Structure formats: C-alpha cells, structure tokens
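In the two complexes below, chain A is the common chain; its partner is chain B in one and chain C in the other.
So, the complex of A and B:
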C-alpha cells in the first residue's frame, strides 16, 4: 500500500511540474499548445546532454533551456507578430516531435546518469506519511515546491495578482500601469522552462533512458489537466495526482487482468475526459456556488483573455 | 497647478483623431469636454491617461512637461482616468480589484489594503464589501471603486469619460456630488460627455471639440444654443423633398419592452405607414439600434407586439421576418452585411431565393453584370467584398435587397459615404416608397435625418424622447433634442 502511494507521487512529479508551468503561462493569457513536443524534445535533450557530460543536473538545465526556447517562440510570435497561438503551438509540437526522433535516434537503448534517491532524514521515518511523501529524490521535492510556490505567488503576492489581471483583462491591467506584454513574454518563458524540467524528469528520473514513446501523449494530458484544474494550482495538482494514480493502477492491474493488459495503459486518458465532463457539469458548479470562500479552488473559469493578443491601440 | 494641453496631434491611419488640440484647465475646476460621437474626445483623454501616445504635442501639469508613454507614467504624474466601461476585473473581489496594480512589497498584505480601501472610500462616502465579486456590483459601484482607487494612488487630475452611461439616476446624483467635492478640494476634474444637460448642470468651464479640433472654449454658463451650434456646426441645408402620399399602417408596435445589453426600451408604441420614411435620431446606444434589431427579429421583445402589414411577427424568427418582407441592413457593412472573401456574383447568389442545388455560375455572372450596371457599382462580378469602397459595398447591399420588401430597416445607410454615393443610395431607397415600402433608418447625420425622413423619432437614454415631423423642425432643434433638451 505504502509502495503504491509512493509510486503514484513519483509518477506524477514530472506532470506536476509541467502543469504548474502551463498554469502560469495560461493564467497570464498565453496558451502554450506545444507541450507534447516540448516535453519530448526536452526529455531527449536532457538525456543526450546528461549522457555526454555524465551529469544529470546539466541535463536538467539543458532541458529547461529547450522548453524556454520553444515557449519564447510562441510568446514572440503571438505578442510581437500577432500570430495565432494555437496554430504556432501545433506546428512547434510537430517540429519538436520530429526533431526529438531524429536527433535522439542514436541514444535509444543507452544508459545515462540518473537522479540519486534522497530520503529526507527524520521526515522519511514517519510511519506511512514518511514513506509516501519523503522517501523520494529532488525531482519529487521540486514538484512539491512548484505547487506551493505557484499557489502562494498567485494568491498571496502582488505580482501574482497582477499576473492574474493580465490574463483576465489586459487592457484594464495596462490602464493600471502594468507592462502586459513584457510580463506575458516572461511568464510564458518561465512556464516553458518548467515544462522542459518536466521533460528531463522523464528521461533522467521516472523512466530512465530515451525512447520515442517515453512521454507519449503526456503533453496533451497536461493541457487537459490544467483545464480540469480550473487554472488553480492546487486543483491542477490534484488532477495530476489523479492521473498518476490511474496510471499506476492500470500498470498494476495488468497482472490481474492479463487479457486486457493492452488496453489498460490507455485507460487513464478517456478517464481524464470523463473527469473534465464532471468538473464542467452543473452539479459541480452548484457545489462551487455553495462555498463562496473556495470559489477560486472550485470555479472552472478560464482566464478571460487567454489566447488573445493585447494591443494598446 | 494647471493642466495645459499643447497642440496635441494623433492620427489613426487617415483619420485625424486629434488635430492640434490646445487648452488649459485650472486647479479646482470642473471642466467639461463636449463633442458629438467620434469628435475625438476619447482619443484625447486616452492620450492624457497614457493609453495612447500622441504623435506630437505636449501635456504640461503644474509647469512640468509630462512624458506620457504608458498609463504607468500618467499614474505617476497624478493623472487618473475613469473609462466609460470601468476597467475592472469582473471575477475578482472588490479588494483584489482595489489592490491590483498598486505599488508595494511583493507579499500582498490584504488586511492593510482593506484598511486603505475602508479609509479612502469612507472619505468619499462610498461603502464596499471587500469580499464581494466585482461582477455582482452595479456599473455605478464599479465606478465608485475605480474613483476610490485612483484617489488612493494620488491622482490630482481625474478624467471621467462619459461616466453617466449605464448608471441609475440616483447614482448619477451621487456621482455629480462626488465630482463637485473633488473639484472643490483642489483637483482638476475633466468631465467628458456628449450630453448637454449634464455639462450645463455640472461644469464651471467647457471646451467643445469637433473633428479633432477645439472649436470653442468658455466659462459656464453658456447658452445651450451656442453649445449646440459649436458641437454640430451650423450648416443645415434644406433640400426639396418629393411628397409621396402615405398609405395605411405597415408597421405597428404596441407596448413593446426591449432590452439588449445595457440598452432598455420600455412601453414603446409606434406606427409607420406604407411609403413612410421614419428617421431614428439620438446618440449612439440610445435605443435606435435595438429598435431596428427588434423590428428585424434579431432581438426578442420582452413584452408587447409587432405586426407588419397585419401579420403578427412578435415572436417570429429572423427567417420568418425575411419571409414577411422585412429587410435589415446593419451598419457594419463588411462585418454583418457582406461576407469577406467572396465576390459580387457570389453575394447575389447567396441573396437570391433560387432553390436549385447546383449554381449556374454563367447566369450568376450575367446577373451580377446587370446589377453592377443598374447600381453603378465600381467592380467586376469577381471582385471580392473587401476590395470595394464603402460606397460600392453599400450599393452591393442595395442590389441584394429583394424587390418585394414591405419594411426596410437601415442602420447608418450612408455613414462614411461621399456626397455622390449618399445621393445615389437615397435615390434608390426613395424609389421603393412608390411600391409602398415603409422605411425606418437610424442615422447620426442631422442633415440626412432632416432631408429624407417624413417623421423623426428622437431617442434619449433608451426611451423615445420626441417625435417630430421632419418638415417642422430645423437642425438646431434636432440637435437639442438629441442632447436631451427641449428648446424653450
């Protein structure tokens, strides 16, 4: 039991980091649609660089740079060139997927460095809780920090409130003296860097090594989880853990029902769609209406200006 | 302290929105900026508040030339603007709206912000529940929140752009009291409006802007005649109107209550006769558009009835209106009237009631050629809509109107057209009167209203303010009525 929960936390960690990054980006009003490609190219880059240098940390840094660079292209093309964010994101996805296959081909089957386990002293000795939450490595601890820091930044800081403002109504934020487009650019780059780190976590931590199907469909599911999470860091994190749990469950059930073993790994994807249907149902909305104090957490409202271009004239 | 505006120029493409604007406002004064829609008031105010950058010219406050490159600069200089639609964040709480964009430490101290909100709003006599969502506030309360915020940030100059749009009468009284108190406290208050009565009731001095230029400056009080003349210009030419005998009732509206967005019309009764031309006058958003859309079946009336030629169309769909011979030409020619990217010939095919599955393109081209000749459209059957000039787009729309129309509804039929196209459009429209077509059109052009209408209905703030026979009034009186005043 402990081991199952422990592996759910570990399996969800990269997804947490990626979805927090995308939440920050979308909250500022930009959609980075390229997650599927960004994850894959950064996972490949991380492995290749770490393999060459022999150091996992350098691999993470390189992956963050790749994610940030793709995000910068999206931010620049949408903010300065006023191109459609969805279209640019899709094209970059395809490009990044092909690049990852082409450049990563020679690394398939190689063994590279990995992130060392790092149980937290004392905390990991707590019965059950210690084993589940504190017997992990730096990637998992970073995912905890990402959740808390994103939440704290959004709801407890001044720049975080301004961030919500530029995604909600950029002209009003601009009228209050906030440099909308500059902030959108940097939040998109930050979000992209986090997606890159998530990619590195797949090839250097969760599933060691590089192969094309390493992060298959996880970028798309990350985009869906941000929507499921109603752009609230805690609910997004819940969504990522839910998906992680479904993945681990599907994996374990393969032994129990060998007849449907082929179907089980893809089962989490349609289940996430059902979850989306649920949070957008009237029933769920009524729950939200009953607890006005928790409207940020329970609401499913997208940032109103998400995906739009802000021009002052 | 005085606010000096020196020779401000601002162009948007070919339009000179500000064309050398110069004037000065003194400390402690409540200064009106008056002008009709599109005169360039809003552009000027957006330049003052840093929203737009001026092409040239200077803004001087308290002897200091300001560099206004963004709203941040304007706020630093102490210039705050209240936009017509208050720029607030609807899903956020009152407190978050208050604090958003304010300077201070990274950690947001909400209890300190709440104390500040209480203090400043208390001084102004406003009351807020900090935890309420701004979405649940009235427009008036959103304004009050914005005012509180601007004063908290140290504004010395406050600009109010059409602040009475969408607020209740009692909120307006409270707003005016607030403005007077602020000016009495030594601030500079700019009150931008196109409503004569408000400027007269409130302001100490006034600047009238027309076509991007200052045409008049004065200390109040000034007679309304002068203001009307300065706002609209005083060239009103009366042309000969051919009289066509009016028939029986074509359009009958009884006790209609309509509502669309912030516009609300209550208990409207109206009859339009066969062959009659009725002009709808009034400032933008006073209800003309809503009435036209309701007549076309695009806005469902909350109560009351609409009949056209004896047929009850109260709850009929747009298609049923079309079938009953009601045709609507909206103002946005390229947005609502025509389809971008398709040709004249294709438009005419779309508009025809041909039922065949396959289109006979040869016949369509021939027909397009004939219509191009008849309506003297400058274009070929293959010219796409956006290639045509505004006048030719309007001619194409005229060509698309079916022959048998009982009720023709037009919104700004000649806006942006040159003299020749205007005359052509009206000649074609008036021809239809001979077949009994009743015409209802909305226009902002006083000459057009006076020249082509039999009756003029003046809307003010969502209700019918006056109905006049066009032959019996002149441009000056119409200008008054549009501004919500009856000449005494």
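So, the complex of A and C:
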C-alpha cells in the first residue's frame, strides 16, 4: 500500500511540473499547445546532453532551455506577429516530435545518468506519510514546491493578481500600468521551461533512457488536465495525481490480466473526454454555485482572454 | 502589393527553411546535397516512384479538402486522424462482409468510409456543441480511441487465420482492390487521384459559390454575430464536421482499398495531421491545396529512402515539412506587419 502511493506520487511528479507550467502560461492569456512536442524534444535533449556530459543536472538545464525556446517562439509569434497561437503551437508540436526522432536516433538504447534518490532525513521516518511523500528524489520535491508556489503566487501575491489580470482583462490591467505583453512573454517562457524540466524528468528520472514513445501522449494529457483542473493549481494537481494513480493501477492490472495490455494505452482518452464533459456539465456547475467561496477551485471557466492577442489602442 | 511582391516573403521563408534543413543535416553529419537528391529521386525519380507518390497524394488531398471546410467554420478538427482511421475500418468491414463484384463492392467501400469518418467527426462535433468539450480535445481523444479500435480489430476479431500480429488483417479479395491503370510498365492510381482532386474541387465550389459556404465562413469568422443574424450556428458547425469527416473517411477507404489492401493499425498514415500542415501552408484556401499536398507528400515518400540509403532517420522529412510551414507562416505575418506599419506610422514604441 505504501509502495503503491509512493509510486503514484513519483509517477505524477513530471506531469505536475508540466501542468503547473502550462497553468501559469494559460493564466497569463497564452496557450502553449506544443506540450506533446516540447516534452518529447526536451526529454531527448536532456538525455543526450546528460549522456554526453555525464551529469543529470546539466541535462535538466538543457531541457529547460529547449522548453523555454519553444515557448518563446509561440509567445513571440503571438505577441509580435499576431499569429494564431494554436496554429503555431500545433506546427511546433509536429516539428518537435520529428526533431526528437531525427536527432535522438543514435541515443536509443543507451544508458545515461539518473537523478539519485534522496530521502529527506527525519521526515522520511514518519510512518506511512514519510514513505509516501518524503522518500523520493529532487524531481518529486520540486513538484511539491511547484504546486505550492504556483498557488501562493496566484492567490496570495500582488504580481500573481496582475498575472490573473492580464489573462482575464488585459485592457484593464494595461490601464493600471501593467506591461501586458511583456509579462505574457515571460510567463510563457517560464511555463515552457517548466515543461522542459518535466521532459527531462521522464528521460532522466521516471523512465530512464530515450526512446520515441517515452512521453507518448503525455503532453496532450497534460493540456487536458489543465482544463480539468479549471486553471486552479490545486485542482490541476489533483487531476495529475488522479492520472498518476490510473497509470500505476493500469501497470498493476497488466500483471493480473495480461489481456488488457492492448487496451490500456488508449484508456486515458475516453476518460479524458468524459472528465471534460463532467467539468463542463450543468451538474458540476451547480455544485460550484452552491459554494461561492470556493469559486476559484470549483469554476471551470478558462481565463477570459486566453488565446487572444492584446493590442493597446 | 503586387502578386510578385506578395510571393517574396514566401520565397525567403522557403530559402530559410531549406538553410535550416541543411544545417541540421550537417549537425548529424549527413551529406546535404545527396540527401536532397535522394528526396527528389525517391519521390519522382521513376515511373513507379511517381505512381507511389500520387497514391499517397490522394488521401492527403481528401483529408486536406475536408480540413478546409472545418477550418472555414472556425473549427480545429484535430480529430481528422481518427476520422481517416474510422473510414478505413468501415471500408474494411464492407470488404470483409459484402459479396459481389468490384463495381458493387468498391462504391460501397467508399460510401462506408465516408459514413465512418462522418459519424466520428459528428461525435466530436456533438461533444463540442452539446458538451462544451473543445473540439481539439474531443477530436484528439477520439483519434486515440479510433487508433486503439484499429489495433484491437487487427489483433482480435479480424486477425489473420492462426496468427495474431500487428502487421494487419488478411489481404482483401481482389474485387476490393481499387483497379489501377497500366501504363509505362507500372500501375497508376487513377481512381484515388480522381477522388482526391474531386474533393478539392467540391470544397472549392462549396465555399466559393454557395449560400452554405458563405454562411459557414460567417460562422467561422464570428459565431456570435452569425447566431444573432439567424444562422443556426451549431447546425452549421456539425455540417462542417460531417463534410470534413466524410472526406477524411474516404481517405481511409483509399488507404485500405488502394494502398495496403488490408487493415493495418497505422492505417491513417499520418495524413490527417499532415493535412493540417498543408491547409495551414495554403492559408486555409482550397486553391493551393493540390500543389502543396503534392510537394509535401513528395517529401514524405522521398524521405523513406533516406533510411535505406544513408541510414538517416526518415523523420527528416517531417522536420523539413514543419520548418517550412513555420517559416512561411512567419513570413506571411511579417509582411502583413510591415504593410500595416507603413499604413499607420507608429508613435514611439
């Protein structure tokens, strides 16, 4: 039991990092659609660089740079060139996937460095809780920090309020002297860097090594989880842990019923559709109406200006 | 701006894209000139290569034409991959169950493919109009479900006698093969090409010369105003999904009846997503679909040679296609920006 919960926390960690990054980006009003490609190219880069240098940390830095660079292209083409964010994001997705296959070809099957385990002294000795939450490595601890910091920043700080402002009402934010487009650019780059770190976590921590199917479809899942989470860091994290639990459960089921192995890889997708139907259903909306104080947590409205271009008059 | 001036950013973008491609080849230590020679030779170097390229061109044309319709309605029909697959599955079902000669069977397979793609697309549409699930996620989810269904059928109910392998079902009986025209010593995929070109023509006429097309474009550019003006927005969106899905489904029929002659798990050949790139590059208009699709499919078919001849990963073709689309989009946006800057002299930045 302890071990199961421990592996759920570990399996969800990269997804947490990626979804927090995307939540920050989308809250600021920009959609980074390229997650499927960003994760894959950054996972490949992380492995290639870490393998070459012999140091996992350098791999993480390189992956963050790749994720940030892709995000910067999306932000630049949206803000300066006024191109459709979804179009650019989709093209970059396909491009990054192919680039990862093309450049990563020679690294398939190699063994590289990995993130060392790092149980936290004392905390990891607490019965159950210690084993589940504090017997991990730096990637998992970073995922905790990401959840808490994102939540704190959004709802407890002034810049976080501004961040919500530029995603909801950019005109109003601009009128109050907030540099909308500059902030959007940097929040998109920050979100992209986090997606890159998540990619590195897959090839250097969770699964080890590089192959084309390493992060297969997890980028799309991450985008859906952000919607499922209603752009609220805690609910997004809940969605990511739920998916992590499903992954671990599926893995264990595979040993019990070998027949389901072929069906399991697609199981998340009908679930994803049902989950999205659920959060947009009248039923769920009524629950949200009943608890007005928890509006942020239970709402499912996208940031009002998400995906649009802000132009000052 | 004259037409030649408008072409300049595109040409610059193409040149830049090519430069990046060459740089990438140098990075991995591959000979650039030889690579590009193989790309061209692998797709247009002989009669049989040209025939293979045309055969791949057809489903790409069908998928792209369908996407022009859904894009006109302002929809991101990412579910197109799944629609191609469902078309292929439906056509395979007909090929396996319906008896009779080819002139009965083949039209039924085309019809079945269209219905299969249509239903899958309308499902994504209903999820959007009635479930508020954005078509990107509804469509994407259905893509993977369709792919899973194809795999399940190939290794399960429709497995080859005795062996269950992912290499495909039994080969269809010859009546279910689309007949080829023999000339210059090879078979030419005349029926698929006609289907593909016809689909582009129909879509072009639909958008250009009909009330339906006009209203569809209105829905695409501003759904709210269209609704206020009395256009049943949801019905038009579902109509666009239906047409787009039907054309994508016929692409699936072509894949099973003219190319594989059986159902394989990867039946879509990636033509759905490639179609999205083609339509983006064509600026959402039907006019340029045919040449751009031929160019892209040439890269795809040619790149399979890279693996065989140079040991280079065939993903290079996809990389090149992505870079080209990205740079041309940038080029277009850049020239628009420059033109508007010239019209409205900007105050200090």
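In this section, the second predicted complex is superposed on the first by the 313 of 313 C-alpha atoms of A that agree within 3 Å, B and C clash if a C-alpha of one lies under 4 Å from a C-alpha of the other, contacts with A are read in each partner's own complex, and residues count from 1 in each chain.
The rule is simple: a contact is a pair of C-beta atoms (placed from the backbone, for glycine too) under 8 Å apart; a residue touches a chain by one contact, two chains touch by 3 or more.
Because the structure is predicted, anything quoted here is derived from the model rather than measured.
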Room on chain A for both chain B and chain C (clash or fit): fit
Chain touching more of chain A, residue-wise (chain B, chain C): C
State whether A:75 touches chain B only (first), chain C only (second), both chains, or neither. neither
After the fit on chain A, how big is the angle at chain A between chain B and chain C, using C-alpha centres and going to the nearest 10 degrees? 70
For A:197, using the defined touch cut-off, is the partner it touches chain B, chain C, both, or neither? Pick first, second, both or neither. neither
Which partner chains sit in contact with A:301 here, chain B, chain C, both or neither? Use first/second/both/neither. first
Quick one: is A:266 in contact with chain B, with chain C, with both, or with neither? Answer first, second, both or neither. second
Between chain B and chain C, what is the tightest CA to CA spacing in Å in the combined model? 5
On chain A, positions contacted by chain B and by chain C: none
Chain A partner, complex, touching residues on chain C are 24, 27-28, 76, 78, 127, 131-134, 136-138, 140-145, 147-148, 151-152, 155, 273, 276-277, 280, 313, 315-319, 321-323, 325-326, 329-330, 333-334, 336-337
Chain B residues touching chain A in their complex are 12, 49, 51-52, 70-76, 81, 83, 87-92, 96, 99-102, 104-108, 133
As the complex stands, chain A meets chain B at residues 156-162, 164-165, 168-169, 171-179, 295, 299, 301, 304, 312-313
Residues of chain A touching chain C in their complex? 33, 77, 80-83, 86-88, 90-92, 94-95, 97-99, 101-103, 105, 217, 220, 223-224, 227, 262-263, 265-266, 269-270, 272-273, 276-277, 280-281
